[in-house]
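Below, chain A partners chain B and then partners chain C, in two separate complexes.
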Partner chain A sequence: MAEFNASVKDQGDISIVYLKGFLDAHTAPVLENTISELIDKGKYRIVANFKELSYISSAGLGVFMAFIEKIRENNGDIKLSSMNDKVYNIFDLLGFPLLYEIFKTEDEAVKKF
Partner chain B sequence: MVVKSRTENLSDVREFINSLVRKIGISPEVSEDIILAVDEACTNIIKHSYKFFPDGEIIVKVKYFDNKIIITIIDYGENFQPHKIHKPDLQEYYKHKKVGGLGMYLMKTLMDEVKYSSVPGKYNQVLLTKYINSTS
Partner chain C sequence: MSLNTLNLKKKIKIQLFVGVTLFLFVLKLFFTSNTSLPFIILNELLVFLIAFSFVLNFIDFIHSKNINALSLVMNVGILNAILFFLINFSSDLLTGVFGNISKRVSSPGIIFNFISFFYSFIVLSSVSYIFLALREFFFLKQKRDVKIYFNTMAIFFILASLSSVAAKYPELQFIKNTFFIISILLIIINSIRISWIAFLTKKEKLLLLFLSVVITVLFIVNLINSSEEAVHVQILKGFSSSLEQFTSIIMIYGVIYFSVIFFTTLFHIPTAEAFDRKAQEVSSLQYFSKLVTQVLDFNDLASTVTEIAIKAANGDSAWIALKDKEEGLKIIANKNIGLVDTLSLSKYLIEKAEKTKPGTATVISLEKYWKNAPPSRDVHQPEINYSFAVLSTLKAYNESVGYLIIVKKSDIIFDQEDITTLNTFSDYASIAIENSKLLKESIEKERLEKELDVAREIQKRILPEKNPVHDKLSIASVFIPAFEVGGDYYDFFEIDEQRMGFIIADVSGKGISAAFIMAELKGIFESLSGSCTRNSGKLQSFSSPKEILIQANAILRRTLERKNFVSAVYGIFDFQKEELHLARAGHCPILLLRDNLIENLRPTGLGLGLDFSDRFKESLDEIKINLKENDTIILYTDGITEAKNFQMQDFGDHYFEKILLESSDKDADEISSRVIREVTLFSQNISQHDDITLVILKWKDKKNDGVKEWQNSMHQLKTRAI
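Let's look at the complex of A and B:
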């Protein structure tokens, strides 16, 4: 079975979420729980680092859509970084660059807060 | 390939398609598109046809001929009619808190043809076709 995990590192008041593995309809709840927990703790400045993400389907993109409004209402944001070409292509196909800031590196994303 | 209608089986379906497209010699980029489209189709079946009932059957068949690959996915769940598939306007999604619908758009974009058919009360079928050029 293709695994997924999401780990979190705090950098000041920014939470870096490291996505690893395969993000599909089966594993999306793991990411949902991770982001939900951050929100519960009042952490609204999030960088999602995709460097070790091998695969994403629309279920994975849907997780970001589900939380972005609440995060932005609380003056936060989810910035995305470090995608490989395959993953970026899916975000691009669905028009995500119009709604989310996507950066090549984690550092660039963090600096934007 | 026949799998039960559980999301835990999506990775097995992806691996099944992956092994076949490799044998055919399809390029990695095109292979990735096909694998994702099949994943999206199966996910929709689990969510909408079977409504997460875990013991439904999903049948995945692959044919390759005349430089095209046709993947047929059959289920015995409820019929659902795909709405007109258009590029989702994410601003509207954001405004109206919509989350679903991205999968169908991906299928339509990643494959060359997507055809739905069903016999009410019997089965639903989606055919995903990708034309493979000779340089793939």
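Let's look at the complex of A and C:
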């Protein structure tokens, strides 16, 4: 069915995670692994680029919640960028803009660190 | 005609045999000098009958004892030896006692008759038995129906034997000769049916080679000693000329058949070992294919694979090394070798094998392994010096998952045969690995389905059985669970006489974990909404939706995992003040349908469980709606707006609102069924991936609502009846 993949690109000490496809209860573990690998490597500055993500479900949102506490304890953050309107709406309904910084472009997110 | 088809009862066969024998015996004793033709014919027929009944009796004997080919060969040898003895005994001893035998035959006394009868009788039984044995050899391991060949030959034997009666008339000699020659030709043709030799083991072949030499020589000697003048022949002729003829035919048959056997066996000896191995391979492969489908325990099967692979590929030790994500290499089914040894050898071998040709079995010399291993190295070294190893890849779903490895001590390298065998075995092991994986998957799938059943059951019990009935409010609700249950929840709470609370919530994630959180929500909101207050009168109830959601968030902090959260809308209808108070914690917007317009209410608010600091409290907004006649409040979960059609398009907010507007003048039930009908139509043939919940609350003035209330209660009755 729907595919999802997450690729990581390092830019200085910031890791940019590119999300692609459908992020739901079935594909969430993929992103979970990606982020926990980054944390294992001590990379706490993460930008998630949503440009090619076409759908996110509640389980997908949960992935970000699962790690945010630990990341912020280590002076890091997850910043979100380049969401399409539909995905942004899902984040917005849940009040995520109150919890995460969401940017229009990846550059803006990177600069904020 | 087949001898087997003559299913006479055993008793009758014996009776026939004994009866005919006695009759002939009496005849021979008292009518010795009768040489008239009818008497001779009667004599020959009786002898034939005896031979026939003898064969009938012994065929049962051979079949009932299930005598194998080699013991039959042995029997033939013994009988030949007896014949050899008889022939020599007769020529020396009988001549000594009775003088010239040919004269004696024409004028015998009682004693001579007696002796000659027994002599002939022994020959008759021996020859019949040899004939039977030859018949058994003929049919051994024959795949096609070849009865006709043998039976034709047997008929010509009989014809040639019986026609020997005509020997007295030289002009009829040609009849006997013709039958005789045809018999010999048929013997030669039939003597090539010896495929049974191939199935003997090497040992048995060697024994057969020896026996066939001895038997062939005995047959030849007996045949040479049976010249016209020989005492043996004289006696037999005196008894029955056809028996004499039959005896020589059988001897010729024996000579031809056993010499063919001798040469064939001789040529089979060099390949006997290879044949043995192939036969073993075939039988072990058969055993495997049975095993693969029957044995579900992978380790059992792997153990058998290595055990037989050692034998088949002439190795000393074998094991299976599986690639494992956590351990790197997992050794199973190690035979004749310790686990530590296999680990150090495997690492070296797999590294080498992957450098060469991936995918096929590779032979690797272990010479370098011993050379390159410095003694000081801290790695454990196997005690046995293996010289060669052969590795074969195990595949599951076309991916290499490990290796079947066989090692040997001797310096003889693994040959192509060994490699082929090993490849076959690793194929079987691969199938077994795939099978065991499939089995695990299907067990997992079944477990998941059971889990979903439990989740659905939990959800069903938690949701309200029926909607509350109220004068000023008509309520419709629909809940459709998805296959992979989500965590949708809605409920109504009677806070006090004039207030009614309601909630709609969606737990993140799916399955049983979502269902459990949902069950927890039920408890939290029941108690917060004051259902308990009414019963105990002690607990304080929280009067505003905002307060209730703040409390719920605080309670959830204790139990909710970080990645889980809940979106919810909580509302309280005040019937007296005709007000609706609403707070939204991250849930889909609340739709208010009023005056043919849809208002999208999105008071701010974080989802429950996302944040446990003051931010939650600060973010949460509560709104108040002053209710007007026909105000319709629509609450839903994203299962509706995210319902997909076959093009994977969403049902969408826009379409949803359009349908609501179109049915704005309908009552709550009608609106809800219209929406559900549209969603179902939209997503036909597409499996529902999330729960669908829809709650419609329609405010109405008490005065003009006689009819509607009746309808509404009808609905309730219906629900109860269901």
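Basically, the second predicted complex is superposed on the first by the 113 of 113 C-alpha atoms of A that agree within 3 Å, B and C clash if a C-alpha of one lies under 4 Å from a C-alpha of the other, contacts with A are read in each partner's own complex, and residues count from 1 in each chain.
One rule holds for everything that comes next: a residue touches a chain if its C-beta (ideal position, glycine included) is under 8 Å from a C-beta of that chain, and two chains touch if they have at least 3 such contacts.
Everything quoted here is computed from the prediction, not taken from an experiment.
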Requested in this report: Return first, second, both or neither, reflecting whether A:G62 touches chain B, chain C, both chains, or no partner chain.
Outcome: both
Query raised in the report: Counting residues of chain A in contact, which comes out ahead: chain B or chain C?
Result: B
Query raised in the report: Which residues of chain A are in contact with chain B in one complex and with chain C in the other?
Result: 25, 57-59, 61-62, 65-66, 69, 93-96, 98-99
Report summary line: Within the complex, chain C is touched by chain A residues 25, 57-59, 61-63, 65-66, 69, 93-96, 98-99
Query raised in the report: Within the complex, which stretch of chain B touches chain A?
Result: 6-8, 10-12, 14, 32, 36, 39-40, 43, 46-47, 87-91, 93-94, 97-100, 102-103, 105-106, 109-110
Query - Sites on chain A touched by chain B in the complex - result: 1-2, 22, 24-26, 55, 57-59, 61-62, 65-66, 68-69, 86, 90, 93-96, 98-99
**Report entry** In the complex with chain A, residue positions of chain C that touch it
**Finding:** 484, 506-511, 561-565, 567, 585-589, 602, 604-607, 610-611, 615, 619, 690
